[in-house]
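Okay, got some structures for you below.
After this come two complexes, each holding chain A, first together with chain B and then together with chain C.
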Partner chain A sequence: MAETSTARARPRKRVDRWRWAGRIFLGLMLLYTAVPMVWMLLTSIKSGFAAMQLPPQWWPAEPTLASYQKLLDPQNSVGADFLHFFWNSLIVSTLTTILGVIVAVPAAYAFSRFRFPGRNFLFFAVLLRNMFPAVIFLVPLFILMRWLGLVNSHGSLVVTYLTFGLPLSIWLLKGFYDNIPIQLEQAARIDGATRFQAFLKIVMPLSVPGIIATAIYSFIGAWNEYIYAYTFLNRNDQLTLPVGIQRFFSENTTDFPGLMAASFMMSVPVVVLFLVLQKYFVRALTEGAVKH
Partner chain B sequence: MTRTLGCGAILRGTVVFASITSLIAGPALAAPPVDLSKWSPDYVRSIAGTEEFDTAAACGKVTPLDYKGRLTFWYQGVFEGDPDLLRQYYKDFFETFRKTYPNIQLEEQALTYNDLLDKFRTALLGNAAPMAVRLQILGGTEFASKGYLQPLKPEDVGWATEDFWPGAMKAVTWDGVTYGIPTNNETMAFIWNADIFKRAGLDPDKAPATWDDVVKYSKQIHDKLGIAGYGLVARKNAGNTPYRFMPQLWGYGGGVFDEADPSPTYGEVRLNSEASKRALQASYDMYVRDKSVPVSALTNQQADNQPLFLGGQLGMMISHPSDYNVMLDLQKKATGSDKDKAQTVIDNMRYGLIPTGPDGKRAVVFGGSNIHILKPEYVDGGKVDEPAAKALICFWTSPEWSLKMAYAGSNPGNLNGFKTKWMKERLDNIKFLDVTTSMLPYGIPFPALPESPEIMNIIIPDMLQNALTGAMSVDQAAEDAAKNVEDLKGGGGL
Partner chain C sequence: MTSVTGQANAPRRPGPARAGTLRNVWQHRADYAYVLPAIVVMLIVIAYPIYYTVDLSFYTTPPSLQLRDKIFVGFDNYQAILTSEVFWRVTWNTLIWTFLSTVLSFALGFATALALHRDFIGRGILRAILIIPWVISAVAASYIWKWIYHSDFGVIGAILVGLGIADRPPNFIDSVGTVLPSLIVVNIWREFPFAMIMIMAGLQTVPDQLLSAAKVDGASAWQRFWHVTFPHLRNVSTVTVLLLAVANFNSFIIPWIMTGGGPSNASHIWITHIYELAFGRQRWGVASAYSVLLFLILMTIGYFYVRALSGDKKKDREA
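After this line comes the complex of A and B, so read on.
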């Protein structure tokens, strides 16, 4: 009896050890990801001089919110620009997200449910674009946008971001639809629903996590994009945040507190969005990855 | 000047000598508005505030003040990190221009230093460039040689060629034709922390006289205090690198070509000469042998040296004229005990002339910016509003605005700017200005070749990185760089 209990206790101990190792590993990963964010936040509340001190002031001796006040004050030229760039980024990212979902949902559904000639070829052709670095397409897309009369407009960015975001969105959503049993739709069709009604009333509600994950992915991609926004937009009133933040770098010096405050505020919408919707995002990634 | 160098008479003598040998070597021109052969801190002070200029009246003769038009314009802007004073002048400039020319619809775009050239190149490929552009001094010949720019000389906007530094005019001339007008010109100086010098057993008020001294001082500072001695920078594709290495290269008697000679022909590549190798060896000695420079030098640019200098972790560096004002701004915005610490750094700042090579040769990059008008076929919309462009260029290159726009960080491109009351005000307000203006006569323009941006921003930093990382020996790195320049000039890409 005693032997049996020892034998039973051993695996439990091993599990505990692994659990602790896992916790330590996760703690280290958390530190690895959180420290830069904390450092960014701490630098943003220092004065320009304090931010340049070496050895660094780990905790600001004289904390100040001057950088945030400047950025959020529309009367100040820096604040007016920052808020304008923020608004532009919001418009571009939201439009990209909405249009991306509108296109990706039916496209992914079609790849998942229909069998048609060239289906596999088309699906991989969609993914092909993601095999090349984005910068390769810079000049051709710039010439194309100019030909379309879209340079200096947010439309050029929305169209470009769609072409970059759609392949992964379609791939992600297709995986999700593949996991929704087709019998559910067939049952709806037997009950008299059209294919569109079955899609709208049966498939769509079940694929909400996937759609949300796709939306988050599109939004983050558009929100952070720099090189195309920098190339396509030539007017100050059109610039987006990633380009605007470059203004904290000058030829011979950098405004570190301003840069960090702007970067922190830029990360807020993405972090909030992710925190609110993360359960859907994780669910979509895991469910879409496994075929039942 | 004497407060930093302790030897005003010698300085004045050397400055005048350098003026005569380097500046008069420019093309034969009518008399300039200032006597360049007399160039010295005292002379600059004596002419400051002696003349009045009416910008609106002068530019009104080029483009009528009621002219109605539209202009797109890109320029290297001033941003958050720049001195407040300079940002205010930029703001004032555009406001004054709009007030003076109320019917010209100006669409200006400020771009950052490291991005301007790449963005401009992309726009040109898509025929979507602006009508006018203000570029770093390196850019003019590249774009002129490729046929993107319209011929443009000072006379086209109401000024005379002699109103500008001969060296600056070389930088906007390609194949005998002038394609732009200098807006501002500057030379850098040497900056050091007197307290660090003192603690390291060096004379706190004396800059290293030669580049060999820089190597020696850097090692002494590092050995005694455990901090970086000299602020070496070797980042690729960043303008700061050639601005800091070329003075060393020229000082040792080397060069990419013969650009340091009075009448350069840019025919023979000299990057693999013994003198050039000695200059590269000096950097190698500091980085590899003595480890007396920041370990991050390979990716550093000047903005990365500033925190080290401010934190008392760096003894000396080549400094932009604006650095002093940047420090003042940081001190002004600091709070509590940080304010006092910042003041201590400022009190310990010393400016001096850039060291010489072993043969007494002193050199510095003749830097600055130029303004250009594009050909219509490369411009968005296919049209260039020339009168509007000329109005803006006249304004910017006027004695008044070429001085104000360079108030804290450079010097007026238009030599008449030195005669204005604002120059007098600058001399009174900006400490060390006399040192940085004293370096002007030692200025050597980058080779006026279309390949210059590639050579200075890619090949030179590559050479440094190859030697400093040990990927190649100093000899091999110099030979490799020379070959790359030969290939580039022969039409090969990199």
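After this line comes the complex of A and C, so read on.
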């Protein structure tokens, strides 16, 4: 009896030590992650004068929402621009997401189910796209877009953004389809469905979580993209948020509260979207990418 | 064996082996319809630019965007790059940037995922907060940190002065010695959550029965981790490290927005340098030659990436 109790007590002490180390570590990581975001929020509710005081106002003495009011006021030129950029980002990201799903779903399904010649080659060619930096493609794509008449249009961005989203979307979805038992489709085929009907009616509904996950990924990628938007768009009324905010900053180099408010507003949609749907994302990674 | 059966079958086959492949393709023609849209988009946006970049790397262009007036110079651009001092400076920066960002993001993400694995009150909220830096735009992140590092009004400088560690706020991103590490801190801030998510997903595939069995057998927490958990995470770790390495090698936004590569090239990495050569100084030929060199490096990494991915699949099927 005495022996078993000491044997039990020792591992528990060790576990506690690990647990405490884990808690301290998580506390430090929380500080690292949260302090910059908290400072962004605190700065955004200061006046321009209060933001530039030494020593800094750790807590804003006179909190004000003036920066947010300015950004959201369509009567104000800054606000009109900001709302315009916001709308442009929303359109480009939404189109990219919808088209991305339409293109990725059948491709992933084919890579999972069919055994056509060149399948492996094509699959890895698609994955390789992620290897290359945007800069390499900028000049030729710029010339191509000019030839297609898409420079200074959101079309050029949508087409380009599609290609970053596709590799990971196809990869994740393929893993998802690999996990759906093929017997379900076979049963449908026996009941008289065509291959396409079986895909549409049986497989598609089962893969909705995977589709949601890839849609989030495409949307966030398009919302945050900077280099192509910076290079392809010149007209002020066409800019998306990342480029628009950069332009804002280059014109108002000392308006840090405004800059922080704009950064915050730009982050809200993607953060909310991700936090609401993150369980699908983690599930898709677990079922799709990691298990296989 | 195979050649014997091949010969035995040969007379019965209607055509040579090439026709067999074509027929195989033809029989699967409906399959291609599913992948065609993806392939067409990828071809336009990859194959053509690659061809164009390789071609342009052998030309020099007048200092304007009149690319029609380019002059053939052979390998001159490549020679100019490999003999320039900036090249080696930028390459060294890129290596440090990629290595430190990848290793530290992965280590922090891995440790955070392990620490978050056990359930406790507030775990969901904590995990959500830790993921946010990965979700927000790198442009927003760059401005947030630019403000935090500000040489007069930055909050870190103010804290250091307030604690009496420094007399005056340090120049984090305005001085040659500290700029690269300061930018790497920002990059890790944005990237460790990705490693964390991947490892978290990997941890869910570790069978609970194995862990409890090991516990019953008296394995310590460390032994359980090392002998049970870690082997299950090996594949996902490989993929994560490769994805991080490629992403870091291809970074652009953080150095570009925060410092533009300065001061005196101290924070230029390959991509920002190529961008500046092309769009800043209009030296398209040299920028293209840089891009081709980059291709070659990335193809080498890509080879291992594909092998890691397909290796996982094979092992899985055998199991």
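To be clear about the criterion, the second predicted complex is superposed on the first by the 251 of 292 C-alpha atoms of A that agree within 3 Å, B and C clash if a C-alpha of one lies under 4 Å from a C-alpha of the other, contacts with A are read in each partner's own complex, and residues count from 1 in each chain.
Note that a contact is a pair of C-beta atoms (placed from the backbone, for glycine too) under 8 Å apart; a residue touches a chain by one contact, two chains touch by 3 or more.
Just so it is clear, the model here is predicted, and its values are computed rather than measured.
Upon superposition of the two complexes on chain A, a steric clash is found between chain B and chain C.
In the overlay built on the shared chain, the residue A:247 is in contact with chain B alone; chain C does not reach it.
Within the superposed three-chain model, A:231 lies in touch with chain B and with chain C [touch as defined at top]. By the touch criterion defined above, A:275 lies against chain C but remains apart from chain B after alignment on the C-alpha atoms of chain A.
Touch criterion met: A:137 reaches chain C, while chain B stays clear of it. Which of chain B and chain C touches more residues of chain A is settled by the count: it is C. By the touch criterion defined above, A:19 lies against chain C but remains apart from chain B after alignment on the C-alpha atoms of chain A. In the superposed model, A:55 makes contact with both chain B and chain C. Of the two partner chains placed by superposition, only chain B is touched by A:66; chain C is not. Looking at the shared chain after the overlay, A:29 reaches chain C, while chain B stays out of its contact range.
Of the two partner chains placed around the shared chain by superposition, chain C is the only one that A:110 touches, whereas chain B remains out of contact.
Superposing the two complexes on chain A places one region of chain C into the space of chain B, and among 164-172, 182-190 or 308-316 that region is 164-172. Chain A uses residues 51-55, 138-139, 143, 231, 246, 249, 259 to touch chain B in one structure and chain C in the other. Residues 47-55, 61-62, 64, 66, 77-78, 138-139, 142-143, 145-146, 151-152, 230-231, 234-236, 246-255, 258-259 of chain A are the ones that touch chain B when the two sit in their complex. Chain contact summary for the complex, chain B toward chain A: residues 72, 74, 76-82, 91, 107-110, 112-115, 119, 122-123, 125-128, 130, 239-240, 302-303, 306-308, 310-313, 320, 322-323, 326, 329-331, 333-339, 341-342, 380, 409. If you check the complex, the residues on chain C that touch chain A are 21, 24-25, 28, 30-35, 37-39, 41-42, 44-46, 48-50, 52-53, 56, 67, 108, 111-112, 114-116, 118, 126, 128-133, 135-140, 143-145, 147-148, 150, 152-153, 155, 158, 161-162, 189, 192-193, 197-198, 200-202, 204-205, 218, 220-222, 235-236, 239, 243, 246, 249-250, 252-253, 257, 271, 274-275, 278-279, 284, 287-288, 291, 294-295, 298-299, 301-302, 305-306, 309-310, 312-313, 316.
Across the complex, chain A meets chain C through its residues 7, 11, 14-15, 18-19, 22-23, 25-26, 29-30, 32-37, 39-40, 43, 51-56, 102-104, 106-107, 109-111, 114-118, 120, 122, 124-141, 143-144, 159-160, 162-163, 166, 170, 195, 220, 223-224, 226-227, 231, 241-242, 245-246, 249, 256, 259-260, 263-264, 266-267, 270-271, 274-275, 278, 281-282, 285-286, 289-292.
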